[in-house]
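These notes concern the structure reproduced below.
The letters A, B and C name the chains in turn, as written, and every chain counts its residues from 1.
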Amino acid sequence: MNKTKSHIRLFLTLASIFLFVSIGNATELGHVVEVQKYNRAIHIMAMLLAGFGFLMVFVKKYGRSAVTATYLLVSVALPLYILKDSLGILGGSGSEIDSLILAEFAAASLLICAGAPLGRLKMGQYILLGLLFVPCYAFNEWIILDHGFGLIAHGSFVDMGGSVVIHAFGAIFGLGVIMTMTTPKEIDIPIEADDTSDRFSLLGSMILWLFWPSFCSALVAPELIPHTAINVILALCGATIATYFASIYLRGKIDAADIANAALAGGVAIGSTCDLASWPQAFAIGIIAGGLSTFGFAVLQGKVEKLIKGIDTCGVMNLHGLPGLFGGLAAIFIVDGINKGNQLAGIGITILVAIITGFVTGKIIALLGRRTAPYDDAEEFEL
Amino acid sequence: MNKTKSHIRLFLTLASIFLFVSIGNATELGHVVEVQKYNRAIHIMAMLLAGFGFLMVFVKKYGRSAVTATYLLVSVALPLYILKDSLGILGGSGSEIDSLILAEFAAASLLICAGAPLGRLKMGQYILLGLLFVPCYAFNEWIILDHGFGLIAHGSFVDMGGSVVIHAFGAIFGLGVIMTMTTPKEIDIPIEADDTSDRFSLLGSMILWLFWPSFCSALVAPELIPHTAINVILALCGATIATYFASIYLRGKIDAADIANAALAGGVAIGSTCDLASWPQAFAIGIIAGGLSTFGFAVLQGKVEKLIKGIDTCGVMNLHGLPGLFGGLAAIFIVDGINKGNQLAGIGITILVAIITGFVTGKIIALLGRRTAPYDDAEEFEL
Amino acid sequence: MNKTKSHIRLFLTLASIFLFVSIGNATELGHVVEVQKYNRAIHIMAMLLAGFGFLMVFVKKYGRSAVTATYLLVSVALPLYILKDSLGILGGSGSEIDSLILAEFAAASLLICAGAPLGRLKMGQYILLGLLFVPCYAFNEWIILDHGFGLIAHGSFVDMGGSVVIHAFGAIFGLGVIMTMTTPKEIDIPIEADDTSDRFSLLGSMILWLFWPSFCSALVAPELIPHTAINVILALCGATIATYFASIYLRGKIDAADIANAALAGGVAIGSTCDLASWPQAFAIGIIAGGLSTFGFAVLQGKVEKLIKGIDTCGVMNLHGLPGLFGGLAAIFIVDGINKGNQLAGIGITILVAIITGFVTGKIIALLGRRTAPYDDAEEFEL
């Protein structure tokens, strides 16, 4: 009897040690997984600042302003979204690092949107744009992903890497803004790039390209990250090759702006299904997206601009709008058991919310002034 | 009885398996945490080379030399500090990766210091500067953080992200150096930037901004990294917005150099309390630091330069000196139960050590020659 | 008896909980380790695009084409290698992320190779180069590392960071290509750089430098990563300092291209022994490699080009060829118990495979045209 007791005591002692070590391990593992998310959050930050910032430096006369605008937009969007999130308005995220990543997604969408009226806003107007954009973005995010108004069942909208809620939303919002912000005079003034601005733009493009896998896999579970990352890379490779051929085919010569921009369309389009597609599907999505985007830059852009009487400076509709919508639709064909109605409804709602809130935002920003001549750094900057 | 024995055997077998797996897990977790530190060490390396290196390319005539100087300074500082550390001189760090991170901190402080006499040293003088700086830096670090001379109780000085021991030390050391290195003639020669050098400088600035969270959280425990990272980001956002408004307010126009530099002051100032501040405190520290730094660039710099008859080429006192000291002082108000006397003593000692050793270093470097005309790449570089 | 039973039940319940938690921990740890590899894979991607891409922008007339070529080469190489790997041709890697990293190594070697004929290929020819290079590279990799043809015993060739199979292979393959692709006329036309292209090139160089530790430690076990990383950094520091002194000594003045290139030779040479060398050995390897590489650029290049009647535009033999071979040979002196015969045989086979397949590839690419005047962006790009 005594022996049994001592066995039990030994057993309980060892058991508590194991429990302690195992639970300790599990807790620390949880922290380690959060720190890995943090790493991806830093990669996304590289995309927001050095990536988007320098991609927009392709216009030689507003290098300083494009970079400064990027700085301001990011610095307005991140705290604002984190504030919203910590107050639990329109849903809230689980952990601090999730909150940061969702804030970065909002900032990415804002930077995409800002590419449309680039060169037609003063610095103060970018700040106002950021302040107005974030609530609209969060509102749409809440409807599509957080069961807002009870419209879209929780988790039924397939869009892990944000083809629709980040890219298409930002681009279409930007379209809404330029409807007001472009003046008739501007339509005839060509945008000038030069050797140096083109190289800066290509640098920004490459920074976006290379960190894109972290953007798409930011909130993906650890075991799916390798597959997701390779999907994104294959889609980007496909788009890059397709862009080269499409650019030559449609223009006769290669356009550096096509390469800098449309090569990224694969990343935009794979967003929705980045964790679910197979490798061949990912590569195919990339090829189609690259072709579609180049077609947008080379053929559609001029026609759309005439139609809406607005200039989309960075061609965000071609890079983020069309490929984003295509990515959201592609999910219907790729994902088994997807709720097609919900997917289509989510896309439709996003388009609607974006164009309406973007248009209203444009009207408000216009109260601070509209331009007749394109922005020149000399206007607000000491040279 | 036999049954009990077999139970015990089964029990012991299972126990040893659990023990083995749990301890194995714990060991591997330890390695994984070190590798995560390694990731942040790489982010810091991005700041040292691409960040500081290109931030200093704002002077159009010495692009090549600024980048080469950065290369040389880093390549002198890292091995020298690692050597010191592995010999156990003036304290030693626990692990290999800690040793690397502390060496990077030393290199960061050195690069900050080198910003002051930038454009007034030949390449060989930068190497000498590195050789002399690292021991002085390690000496101060030893006093403040390693209980050197028994002055500051171990762990009582609050400066996780190095506002004082890295940023303020480097800037004030630089001040000491330029007292000797500036010649009267140089004071009248303006530093010229152009479109391209400004954009490179803004690129360097953005690389510093985006990796700054990894700088501050490099040695923070995993569970505190998300909170620390968001603090740093909020401080940087606050500083960026404040810089924009302060630049317009103080100059009438936006100065691209203000944006490139003062936007980073939030990162400098949050250093001391990056793991301890609340989010609103971090944002507020950033706003104040951005304003303070812009005020330094727009108003103070000219006056200080007249006073000490030295030119602070990169304005390191405005970016790293004042915001660094402010960050160290802010800890007194923010951190519960802080030893105020020790905090003030640590700041005072750092100022003293930095200015004295910097001044002496300047005298020694001057033995290799002082300049009457600013450095031009053509002097030492094949063009 | 009843009590014993309930003890056993309790014991089994607890045992299964521990087992569950421990195995769960171990599984998740496995995923976490893969995600850490993913992080290094992204660092390598930064080297491939922003690093190699901009290092090659030193020629002012083909900034756009150098960057576009980089994009195309990467986008051809990655999917092609991943396809090969997933089909199990010439060996296959264990996990998805290993497959990606090996594909990136292939792309790195291809970009090295492409530096040799840079400015003498049209964009379409780079695509063809990529399609032909990857199988040749994989063939050599299979022989050297996967016991192909039973020549080199599995695991006996010491080359963790790819000094030989990545760097030397790519450079010598490039040498093979230019034997055909250079025309007599070109030999007299100097390559022109300018202020801006030099700064872009230095940026690319720094991006390569700072992410190099992740390149070498990509497939290293977690517990060896800190030591490996510091070895790589020490080698790079040694090479950077040696390059500075060698450049002045051999040329009288510093050449920015020496700094941008030869400073990286330490990373090339430490590759073979990055996980095995001691810190002083790593530093020494770096110093020698930097000196050797600068000697290559300043003295050898002209002689070799006359000898083989081909122009090595980027000097890849000096940066990747010689230091890579030196690194592979250094392993013989550094690694205890190394199979010297196998190491020499592996180096010899690599040289042979590279020069033969490179030469044949050059002949095939020449079918699409050879140039008499160096490439100019204006040829294929809209300006």
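We take it that a contact is a pair of C-beta atoms (placed from the backbone, for glycine too) under 8 Å apart; a residue touches a chain by one contact, two chains touch by 3 or more.
Bear in mind that the values here come from a model prediction, so they are computed numbers and not experimental data.
The rotation that brings the Cα trace of chain B onto that of chain C spans 120°, given to the nearest 5. Shared numbers divided by all numbers used gives the overlap of an interface; between chain A and chain C this overlap falls below half, so the copies present different residues. Chain A and chain C have Cα centroids separated by 31 Å. Chain contacts: chain B has residues 4, 11, 18, 22, 25, 29, 32, 36, 39, 196, 203 touching two or more partner chains.
By the touch criterion stated above, chain B contacts chain C in their complex at residues 3-4, 7, 11, 14, 18, 21-22, 24-25, 28-29, 31-32, 34-36, 38-39, 41-42, 45-46, 48-50, 53-54, 57, 60, 63-64, 67-68, 70-72, 74-76, 78-79, 82, 86, 95-97, 99-100, 123, 127, 196, 200, 203, 380-382.
For chain B in complex with chain A, the touching residues are 4, 8, 11, 15, 18-19, 22-23, 25-26, 29, 32-33, 36, 39, 43, 195-196, 198-199, 202-203, 206-207, 209-211, 213-214, 222-223, 225-227, 229-230, 233-234, 236-238, 240-241, 244, 251, 253-256, 259, 263, 279, 283.
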